[in-house]
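Here's the structure, in structure tokens; my notes come after.
Per-chain residue numbering starts at 1, and chain names A, B, C and D are given in the order in which the chains are listed.
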Amino acid sequence: MPSPIHTDLLAVAPQVILTLAAGLLLLIEAFLPGLRRALSELGMLAVAGAAWARLALPTPGLVWSGTLRVDELAAFVDLYILAALFLTLWMAGPFLRRNDSERGEFYVLALFAAVGAMVMASAVNLLTVFLGLELLSIPLYVLNAFFRRSVISLEAGLKYFVVGAFASAFVLYGMALLYGATASTDLAVIVAVIAAGAALDPLVAIGLAMVVAGLAFKLAVVPAHAWAPDVYQGSPTPVTAFLSVVPKGAALIVLLRLAEGMDLARLSAGWVVAIAGMAVASQTLGNLIALVQRDVKRMLAYSGIAHMGYALVAVLVGGPDGASAVLVYLVAYTFMNMGAFAALALLSERDDRPHLIRDLEGQGYHRQLAALTLTTCLFSLAGMPPFVGFTAKFAVFRAAVNHGFVWLAVVGVANSLLSAAYYLRVIYALYMKPLPERAPELQPSLPIAATATVAALGVLALGLYPTALLDAAAAVITSITR
Amino acid sequence: MVDDHLLSIVLIAPAAFAVVLLPIPRRWRKVHRVLTIIASSLMFAFSLRLWTAFDADEPGFQLAERLPWIPQLGISYHIAVDGISILLVLLTTLLLPVVVLAAWRLNIEHIKSLHISLLLLTTGMIGTFVAVDLFLFYVVWEITLIPMYFIIGVWGGPRRIYAAVKFFIFTMVGSVLMLVAVLYLAWFHHLQTGAWSYDYTELLTTAPLLPVTGGLLAPGLLVFAAFGLAFAIKVPVFPFHTWLPDAHVEAPTTGSVILAGVLLKMGAYGFLRFNRGLLPAAWEACVPLLTALAVVGIIYGALVAMVQADVKKLVAYSSVSHMGFVMLGLAAGGQAATQGAILQMVNHGLSTGGLFLLVGMLYQRRHTRMIADFGGLAHEMPVFTGVFLIVTLSSIGLPGLNGFVGEFLILAGSWSRAPVAVALAGLGIILGAVYMLWTVQRVFWGPLANEANRLLPDLTVRELFVMLPLLVLIVWIGVHPGTFLSPTEAAVRLLLGR
Amino acid sequence: MTAELVPIPFTWVLALSAVLFAIGTLGVMLRRNAIAIFLSLEVMLNSANLAFAAFAYRFGAVHVAAAAALDGQIFIFFVIAVAAAEATVGLALFIALYRLRETIDVDRFNILRW
Amino acid sequence: MLDALWLIPALCLAGACANLVLGTLRAPKAIVAVVGVGSVGAATAVAWATLWAYAGQPLAVVVRPYFTWISAGDITVNASLQLDPLSAVMTAFVTVVGLLIHVYSVGYMHGEGNAAFARYFAYLNLFMFAMLLLVLGSNLAVLFIGWEGVGLCSYLLIGYYYRQLWCAQAGMKAFIVNRIGDLGFLLAIFATLAAFGSLEFETVFPAAAADPASFGPEATVIALLLFVGAVGKSAQIPLYVWLPDAMAGPTPVSALIHAATMVTAGVYMVVRANVLFRLSPTAMLTVAVVGGVTAIFAATIGLVQNDIKKVLAYSTVSQLGYMFLATGVGAWVAAIFHVVTHAFFKACLFLGSGSVIHACGGEQDMRRMGGLRIHMPTTYWTFLAATLSIAGIPIFAGFFSKDEILTRTWAAGASDLNGFGDAYRVLWALAVAAALLTAFYMFRALFTTFHGSFRGPEEVAHHLHESPRSMTLPLVLLGVLSVVGGFVGLPGQLLHLEGLNLIERFLKPVVIPLAEVGGHAAEAAHGAHGIGLATEWLLVLVSVGAAAAGVLLARRFYLGAGAFLLPRRLAERLPLLHRMLLNKYWVDELYALLVIRPLRAAAGFCWRVVDELAIDTLLVNGTAFGVELGADLARYTTTGNIRNYALMVLAAAVGIAALLW
């Protein structure tokens, strides 16, 4: 039963707003040079409008002939993507100006990527999933290489492009196989058909494996993780920030929609082994290699790999506990990661230079706010209370313990310990080392500082009073499973 | 109004005050100092009010406050004190103004940050003692790590970073597993009752049901081990103690005093409250192990202390030894021994805290802590020598001073259950006298060995005021320990009776 | 269309698509020239298209699943569009790379590692 | 007046506190002296008034509980004092001797600075407080406070001249060796608590006496542990080593603490706990053997010492051995009697030696003295009286108490006490030999110091003088007491006058009779009635003969023309024995080898090997290093090569497919 067109349109109003805004920005860039300096703010305005639309408008469920499902979950993820986008845009303007690279395409591409992620979040058809994925990926290829005079930025772009396209091809081929096995591109049908079987059909197994491998690339979990450190390090910091949270969120939701209801653990014993293995390997390898990094951005990339390992635990556990833990983890991760990258942007001289831990030495008393926000976010990433990172880990491990995965919780906490070692390394460089002779000359920037501060405050507030977040996540999951 | 939220005020006020300090420019060092000393004294006053409001005959939790925090998961902001925790809360609030005053004249960089760290740390420490909800307990337990990490790492000695990281990681090794144990307990509670709760008072009904038979992997034993490891590292119990000497040596006086005075007590308190309270069957099974570790700690700590060249390191190892007594008292588990162990926690806070303060004063004058750099100070600083001697005597358990009462109760209470352990622990007392008196001799007696020590100024009036509360309590507890023993009586009886 | 004309079994098409996908995969992993890699990627995408087509062809033959055939065919069009977009971005990237480094040998792009 | 019991120690404590304050204010010595002597004087006055009141009533045990000291669980310890015959005797002589020595100190310490003078009197007053607490305490815990308190004061006073390292070291040695004994005491307290549920003398001892059968095993444990404490405090083998070193303190301190009062605390404690000892034949024999062997052992070392204070120190160890021998044979009253007489003559001897040292400008080596009797007659005559007393020459105080001990030891052997008759007979022989040696070395000291001609440097010879009045007055008083002090314990039975022995009569209630077990008494009948009157007289003759022999031998060796020749020749003839005695049997060295070195090695091992190497380097930093090494290897999986990354995505797909299939 197709829904009326106005319902369809209203359901995707945020995406529409962002798309229109992107076009508008493109026009302004081309024809109204006077407004160029306000592009970032205009973009933020559009994001705010989209967020308002998301909050104000109803979530009708299936729309667009059943290819999109705008439900509470989609709304939740949309808001989270918009929040990340907002923070990215906020810090991007001054950041680009500082690096002499302000061009309007940046904002346009970022908006398009966000639209792609939002499409993914509500996609319930293989086609929309794929479209969303590509709409997210293609602008990001460009954004990675945005500093086109920078060797490392271009290299990051190349790597993300080649491996990303490669992974997309896998997703696509996997989708073809799933389509072939179930005679449908509708996720609900696919899930129903697979779940009805006693075991996994080889075609389904291979198809699922290819899709999951492709999504694993987006999530940057082991073994499809290797691109992440290079790309994070090479990309402009706001892009890195965006890249480290938005695609991961979108991919996790797709994974969640796939895995939920299929009860893959029943169909294939290998499913648990595969996901748990990826989770454990990601946590361990990510944290381990992060230990010996000298570049903070690269270190955060490895830490991101580890964090997605934790999130995978929640995916594996599944059920209301696990699914809501995924959402909590996403939100927490967004805040602390955005905050960390923003603070890092404040604490680094130029973006095309490495962001060495050594360069942060003694800045704790020099650039107090930036250092404090970075410290807050790092402690949070390490899972220390009273920050949101603890809430997230608490939710994930609680889910694991409640569903018999105590060993995964133990591995997880052990990895938290490992991770503390390298986060501490940054923190002591900030506060416990003297300012070097030739300290980097840092330019203050209000928007970036504001981004970092907002993120850090979010980290603290959600950590001290996690109730709202936990309740919201639980409510979302309840509403979609009802 | 104030009385209704007395405990919350005592808990939150330090953190709130830290926030108040934030906007004050850091150049106004004096303002920070004055404000902090006023605030910490006020907090102490509030905690005295807590003391008077406390009813010693009531065995359970009192002055409780409970607000829903994450109601969906059965997590609440539930704080309360009982006879076991009230003393430790008071010890914490007492030591805060003492260390602030002790750091008064020190030419410390970033004094504002130091005070903020101290205040946040205080909230964490008090929280640990008053949290009834296990989630809340875990949160505040972990929170203490952060300010302490900074205190050691920023204001510490030459190897401060190593020490700070070691402190952080060591402590975290234990506490992360504790998180899993807490989650497991909550899950088990849900399994048994169908309700989610992290509340100590509610978990008390289900946690003891955890099976402890069926080999080493019995859930009860594993949960016990997870809690135990966290606390054993904090106490520290041999062989998890090696973070302590490093932390103490590198930490500034302020940090060492708080570390020895309060932080170590968190471990012993945890053992009593959670391992003993929640898992009595597992505790029974582990008593031989705990006793053995306690005794080894006593003798080992004393032996190693004996050959230290750095006074601070010596006192640090002596802490290992003294906390071994506390563990012995807890392990023995009788009413008297347990009460003695609680009192001994306070005693150790006073005497070892006092020693660290004194060593700090010496360091401030001479910028060295090596015993070999001193000798014959008694003539130059007679009052200092006297105070040091009194604290030393308290530390080695001279009757009439506080240390004796604790040791006496612990050993007398343990005698019937583990006479061999008591006798061995007694060796620790002898060794304690050996290393402490030997230190006193090498630092204070003999001819003036080093010309640099000539005319070292004696204790100033401010420093005397720093030491005075400790000295008063050292004698008070030694002569009339009833003041501090009677509040613990009913609570310990309740805890052990379960 | 005569009766003698036996339709190619869809499994043959599927096999071809699999072979193409494998060729594309190997191409990405074995070739060092960025353009060649890019072409391999295109081969992979098109192999997927072929798989969609094969399945759609098969579903079209089965009455109950006839409606599903359309889904796969529509998919192909979107993939072609996406591939075109990817091509634009990819080629632009290569040009930029070449300008800066005067090579598009992907093995040379390993400043970022470890 | 009995209600003022607490005032006796409290006055001394007040004096100590006041003097501490005065010391920091550097108050003039006169004020300090008034406070110091005054407080002890007041305490003495109160004590004697109390005793007077006490003696006037039936000799009951008066217990005055003041407050609950420690109370937790089933452990309750009261802060309470007790007056009974035993503590009355102890209080009486402790206050008197203490007061005299305070007075003496005013003169002796006059050369010190204001602060040091005040410090001295603060410590001394504090000592009096602790000692009185010790003897007046009504339970083992309060006794223990005093016990440790006197130990602390001993530590502080031995190390009084703290700028001399060896003084401070001697203080530390004293404290630590005492601590070893104290551990035994402490464990005894725990065992008592476990067995009896109380530490009060008036609860524990009657309970034990009422039921000897059931408390037998516990009694052995407790008694032996208590004795360990006594061995430490009273300097018996093997823990005597601190006492000779303790002579580093000012001489009045040696007199008060290390001769008259503190060191006899062990004897007091054993007598106090006599019920428990009597329940355990093993403990009794142990005490007797340790006491007897110490008596002869220390006496042999005393033979060759040249430092006058060291001679006295070893003689103290030896005399303490006698006291323990007495307790070991069940002669409780004799032990206390000897404590009292010993307090008089040994205090007199020490003060006399102090007077000599004072005169010789700090010289303590007897080889550089001689002929002092001309210059300091008062000192000489009092010293002589005390020497005669310690040597056991009849009518002097020491004779009566020592003879009592010897007789009772013989009686124990003769009556086959607890079935250990042979052992007791051997001990008697040792004790007699020790008596001979005592007489010998004491007269050796007397002759070398006061007779012959002065052997010291010229400039000292000019300054030889008698000490001031404040020093000679106590000397004379103590000298008189050394002569007549024995009359409180005249051996009445020798003359068929049973009532003559006042102290025996007075202290009788202390020895609680044991209930009978299985129809016969749990111990041998006490009292020397096992032997006949003739034997007793014979024993007196033997002991007097031994003493006389010692005196004559000393006279032959050290007096007249051939002085010092014979001993030198003897030393040359028996070089090994001489070296052994001179080096005190190398016991200190033995301890260093067997205890201190291994302990240090163990400590070093724990620190360097266990702590630093095994735990810190291998386990902790090793783990960190291993992790970092692993990380350094693992990081190379991120090769930087795009084609490898693609391969890894492929691997993911293949791997998952393989698992799902």
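As a working rule, a residue touches a chain if its C-beta (ideal position, glycine included) is under 8 Å from a C-beta of that chain, and two chains touch if they have at least 3 such contacts.
None of these values were measured; they are calculated from a predicted model.
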>> When contacts are scored as defined above, which chain pair ends up with more C-beta pairs, A-B or B-D?
In response: B-D
>> If I average the Cα coordinates per chain and compare with the overall Cα mean, which chain comes out closest?
In response: B
> Approximately how many whole Å separate the CA-defined centres of chain A and chain B?
Replying inline: 42
> Could you state the distance in Å from the CA-based centre of chain B to that of chain D?
Replying inline: 38
> In angstrom, rounded to a whole number, how far apart do the mean CA points of chain C and chain D lie?
Replying inline: 100
> How far is the middle of chain A from the middle of chain C, if each middle is the mean of its Cα atoms, in Å?
Replying inline: 27
> Mind pulling the chain B residues that touch 2 or more other chains?
Replying inline: none
>> Which positions in chain A are in touch with at least two other chains?
In response: 158-159, 162, 166, 229-230, 421
> On chain C, where are the residues touching two or more other chains?
Replying inline: 25, 28, 37, 106, 109-113
> Using the touch rule from the top of the page, what pairs of chains touch, sorted by label?
Replying inline: A-B, A-C, A-D, B-D, C-D
> Which of the residues in chain B come into contact with chain D in the complex?
Replying inline: 166, 170, 239, 242, 245, 300, 303-304, 306-308, 334-337, 339-340, 376, 378-379, 382-383, 386, 393, 398-400, 404-405, 408-409, 411-413, 415-416, 419, 422-423, 426-427, 429-430, 433-434, 437-438, 441, 444-448, 479-482, 485-486, 488-489
>> Considering only the defined contacts, which chain A positions touch chain B in the complex?
In response: 365, 379, 384-386, 390, 394, 397-398, 401-402, 406, 409-410, 413-414, 416-417, 420-421, 424-425, 427-428, 431-433, 465-467, 470-471, 474
> Where on chain C is chain A touching in the complex?
Replying inline: 14, 17, 21, 24-25, 28, 34, 37, 41, 44-45, 47-48, 51-52, 54-55, 58-59, 65, 68, 71-72, 74-75, 78-79, 82, 85-86, 89-90, 92-94, 96-97, 100-101, 106, 109-113
> Tell me, which parts of chain B touch chain A in their complex?
Replying inline: 69-73, 110, 135, 138-140, 142-143, 145-146, 149-150, 153-154, 160-161, 164-165, 168-169, 172-173, 176-177, 179-180, 183-184, 186-187, 190
>> Under the stated contact criterion, what part of chain A meets chain D in this complex?
In response: 158-159, 162-163, 166-167, 170, 174, 200, 202, 205-206, 208-210, 212-214, 216-217, 223-227, 229-230, 264, 268, 270-271, 273-274, 277-278, 285, 288-293, 418, 421
